[in-house]
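Below are structures written as structure tokens.
Next, two complexes with chain A in common: one pairs it with chain B, the other with chain C.
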Partner chain A sequence: MDDAQGTLARLPERAFWPQVRWQAGIFGAYFGQFVKTRLAYRMDFLVDTLGVLASIGIQLAVLTTLFSKVSALQGWSFEQVLFIYGFSLVPLGLFNLVSVNLYGFSDAYIIEGKFDRVLLRPVNPLAQVLCESFNISGLNEIALGLVVTVWAGIRLGLQPGALDVLALLVLAPTAALVYLGVFLAITAVSFWFEDRMGIAPPVYNVIRFSRYPLTIYSLPVRILLTFVLPFAWVAYYPATWFVGGADLKFVAALTPLVGLVVFGGAVLVWRRGVRNYTSTGT
Partner chain B sequence: MSDVLIRVRDLTRDYRLIKRREGVVGGLVDLVRPRWSTLRAVADVSFDIAPGEMVGYIGANGAGKSTTIKMLTGILTPTGGEVTVGGLVPWKQRRQYTRHIGAVFGQRTQLWWDLAVVESFRLLKKIYEVPDDVYAAQMGVFNELLGIDEFLHQPVRKLSLGQRMRCDLAAALLHKPRILFLDEPTIGLDVVAKENVRRFLREIRDLQGVTVILTTHDLGDIEQLCRRVMIIDKGRVHFDGELEELRRRTGHRVRMTVDFREPTSGARLATVTAGLPVVWQEGEGRRHVAEFRRLDVAGADVIKRVVNDCPVRDLALAEPDIEEIVREIYRDSAAAAAPAPGRSA
Partner chain C sequence: MSGAAATRLDPWRRSAAATAGLYLHFVRLAFLKFLAYRLRYYTGVISYTIFVAGYYYLYRALYASRAPGPGGVAEMGGLTVGEMITYVAVGWIGRSFYFNNIGRDLMHQVREGQIAMQLIKPYDVQSVMMFEAAGEAVFRLVMFTVPITVVIVPLFGVHLPPQPVLLGWTVLSFTLSLVVYSQLNFLVGCLAFHMKNIDGVLRAKMVSGDFLAGVIVPFSFFPEWFQRVVEWLPFQAIGYLPVMIYLGKRPGDELWQALLVQAGWAVGLWLAGRVAFRRSLRQVVVQGG
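Here is the complex of A and B:
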């Protein structure tokens, strides 16, 4: 190396886009490795696929039964509800794919000390934590969600244009950021407190509410899902781009903003947590 | 080699601990109004390390070793004092800094449990942006010196401890770091594996000039690797110098264990070595232990007397282990100065 004996060479900082590209490359490398280890257990993947299929099948059966009794739910037809439900699976799948290390973060990373290793590497700590494991069920949820959405879309007679395809590509990932942000913020709390009570599971259960049209709920629940635990932005609001009236398109278009704000806020909490970790050395 | 790579000045680190009250009510009160106490884990530590040095950093558990290493690696922010390594501040310029260091922390592997060894290396290559030619060259060196070829395609969880340590060393050095931090690199290894690790560290230092800081309990590690030793206890450095100097300070104390053919009394042994600066510890029956300093008396003289006067079956000389020396050094400096402040436990 060309470093002088007593100095360490400083590498030039990358500009924004090269940094994003590099980070994406790291993500790809981690994901590739993960898939390789999973390929060794093909049966697992099959079983998982069947499991996801079964759980989605049951929920579809419930919806079908429900709509065999009533023709509409607060003005929402079977196909519209189905569309929203299918759409909700796509952000959920994206979120589940990367969020697996957030559960048990406190045990594995803080108490067992795996976070030390993370800090020893020249990659963003959050990116490392999210990339170190994936939940392959996420891929199943994304695929099945798309199938349900497209099928419901056809039944509704939607004529998607290029703008709608673009909207799907933007809305689904940014909606996933809402989930990721909420759970990241909850996870970051374990930098200060060992999360013994486990706030994550009850919050995770609230996700279920986000799969159905928001208007079927009472006002307090609507307010809760829009502003407090903003899971309404994961499926209902973005899906109204496709199945709502023209007046709702504006609200749907706010989804990326909400996603970025929620996730950005969570990253700030996370960063403070990392600072607290390095200054208290839990 | 006169210039400084690692510069540490007045490094201090406090931990805040809750003083627990007793009982259920006390526990509730703790939640609302915790009483904090401060534990000074590292106190005013200063030293310089030159490029290419191999330094042994030793001390008992809880002495402040790992806290110091954590600050030097940038994992922990100090309460006070400063550290600059090659112009970088570890905890402030972490992403720049971590490219230049490698670390192996004791029993905990830095590798990915489920991945084949070679896949872990490929991932590290990507993370540290190791150029292809450097990667190939480093892998060549590791194969030659560590023989990692044999288990390159096995998942890390299937490796033996010795194999895993070899892989961890290779992983920590893959990006050709300037500094290598090792926390107990030989703990739990058998004699052969220990020897392999030590030989590798010597060779890689000669080959790539890497600066090594290692903590250990094993005097053998220090003897074979480090000319310089630092002893830390209760957060303070009590000794910083060459190993030879450390030995001289303890006067080359030796412990002699003798197994006699028949039960022998302590009084008899005292008369046997009368006139020699030898202290017999309390012993009974056939086994007795004596202590003396090589500076005061030659081992051969002591042995001659004992063997001539009593029927001896077996005899062994042992140097004190590192922990004993550490205790001794600490006793000396505790006697010289007032006890370190800020410690309650």
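Here is the complex of A and C:
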């Protein structure tokens, strides 16, 4: 422990990789501290697990009921739709884990001036904001999403090879980057404007479109979800790696690229915003 | 205390008209309070349109995947695709009206200790919260439900009710939904007297409430046993019954039965709330501050 803290307390080196290692260590410690504070409220975590279980259970009940009326939804079987739904929970959980601070960013960091403190530290400001607190509920979504995905995969008789496991490990986090990019860009806008309308909630509500196969939507909606508000890339496109035809594998493989482009674009907006930031002085 | 103020404040000396004036004042206050936050509701219109759009595409795809019935029209749970989309749209339009958070408000008042200030005032806390919910509903009706209706009805081709008079009954039915929904929230809020944190309970209620109210999937889609169960729960009196009235699926005496079931739940939950609130007060401890 002393050694770890000693490493963290040491002044950062200038070289790139030692910097990254040092910063990653800091945020590992952030997470550890956060978990310790949460351990005081074990009941909350239990209740939260039950809440996530209930909402997934209801979604499964809805799917089961709808599929009791038809054998396939526009060519997609129950198990395929279930797989897409289960998969969608993994990037969503990863995103929910770190996104709590983005929602209150304008109020807590800009209006109340918490961002001054962030800028005074020699660590990446964005990473500090994302890691200041976590939404542990995300871990529940990841775990239960994997259970649903694996169960649907077994029912589908999938035979995953090493490449598929690798694909899951790459596709899920890069799909989460799409979420993070979209909401980071929205958050960064508050460096210029005070958002009194709340544009994040309607955008967040569009996420529900990503649970179902994209082909059930009309062409304009598909274009919107692929290119404008790219939530088709958080579940449907990456999941088609596993449940779509061979022709869709190529599209699924584009997910990391889309994730990096969306997130990279958002980081550029964020950086401009940080440069534009003037403290309220509070 | 001067005579006029005394007649207004002492509950046992207050005239019926003064009492009505007092509680109606809370309708106005709540309306004005929400008017200050009206900007938030503009994006809310977009959110509700997104909710309905999601189900619109889902149900269209579902009906398109179903073999047509005897009349050449695909039907599920007694509804055609047009009726199904109307079902979802009217359900969400109604929800935009009756929705409120008084359970959470009560929880905050208990947690922060403001409930003490409520208790020393000469009024009935449960009634005040109900009238505030009514004020919020009036606000939502004008600033939220009407714009949502104007957007959603033409966009998704929502049907009118088979007879125009059903529109009036639907409005009455959703007004009863408001009472049932608010009283259910109040009852859940009373749990805050007994538990430190009811966030989880409130979220579970939020998640399961829309489902059990039939806002997402109509009950007629479900297996028989499930339909029997939900008939005995208050949630159907919130979302399902008003929409079935709108669609003309409650003809003749069934219309009265549906409204009576709603009124019964409204009264029953009100009484349950009274009992729960009084019992909870026996053990409330407010820290000074």
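For this structure, a couple of remarks:
As a working rule, the second predicted complex is superposed on the first by the 261 of 282 C-alpha atoms of A that agree within 3 Å, B and C clash if a C-alpha of one lies under 4 Å from a C-alpha of the other, contacts with A are read in each partner's own complex, and residues count from 1 in each chain.
As a working rule, contacts are C-beta pairs under 8 Å (C-beta built on N, C-alpha and C of every residue); 3 or more make two chains touch, one makes a residue touch a chain.
Note that the structure is a prediction, hence the values are computed from the model and not measured.
Of the two partner chains, neither chain B nor chain C is touched by A:Gln159. For chain A, the partner that touches more of its residues is C, with chain B and chain C as the two candidates. Shared-chain residue A:Val62: touches chain C; no touch with chain B.
By the touch criterion stated above, A:Asp116 is placed in contact with chain B alone, chain C being left untouched. In the superposition on chain A, contact is made by A:Thr37 with chain B only, not with chain C.
Counting contacts as defined above, no chain A residue meets chain B in one complex and chain C in the other. For chain C in complex with chain A, the residues that touch the partner chain are 39-40, 42-44, 46-47, 50-51, 53-54, 57-58, 60-62, 64-66, 76-77, 197, 199-201, 203-204, 207-208, 211, 216-217, 221-223. Within the complex, the chain B residues that touch chain A are 1, 3-5, 13, 15-16, 50-51, 67, 70, 73-77, 85-88, 91, 94-101, 103, 105, 108, 110, 112, 114-115, 119, 122-123, 126-128, 155, 176, 178. Interface of chain A with chain C (complex): residues 41, 43-44, 47-48, 50-51, 54-55, 58, 61-62, 65-66, 68-75, 196-199, 201-202, 205-206, 208-209, 212, 216-218, 221.
Taken in their complex, chain A has these residues touching chain B: 1, 3, 5-11, 25-26, 29-30, 33, 36-37, 113, 116-117, 119-123, 132, 278-281.
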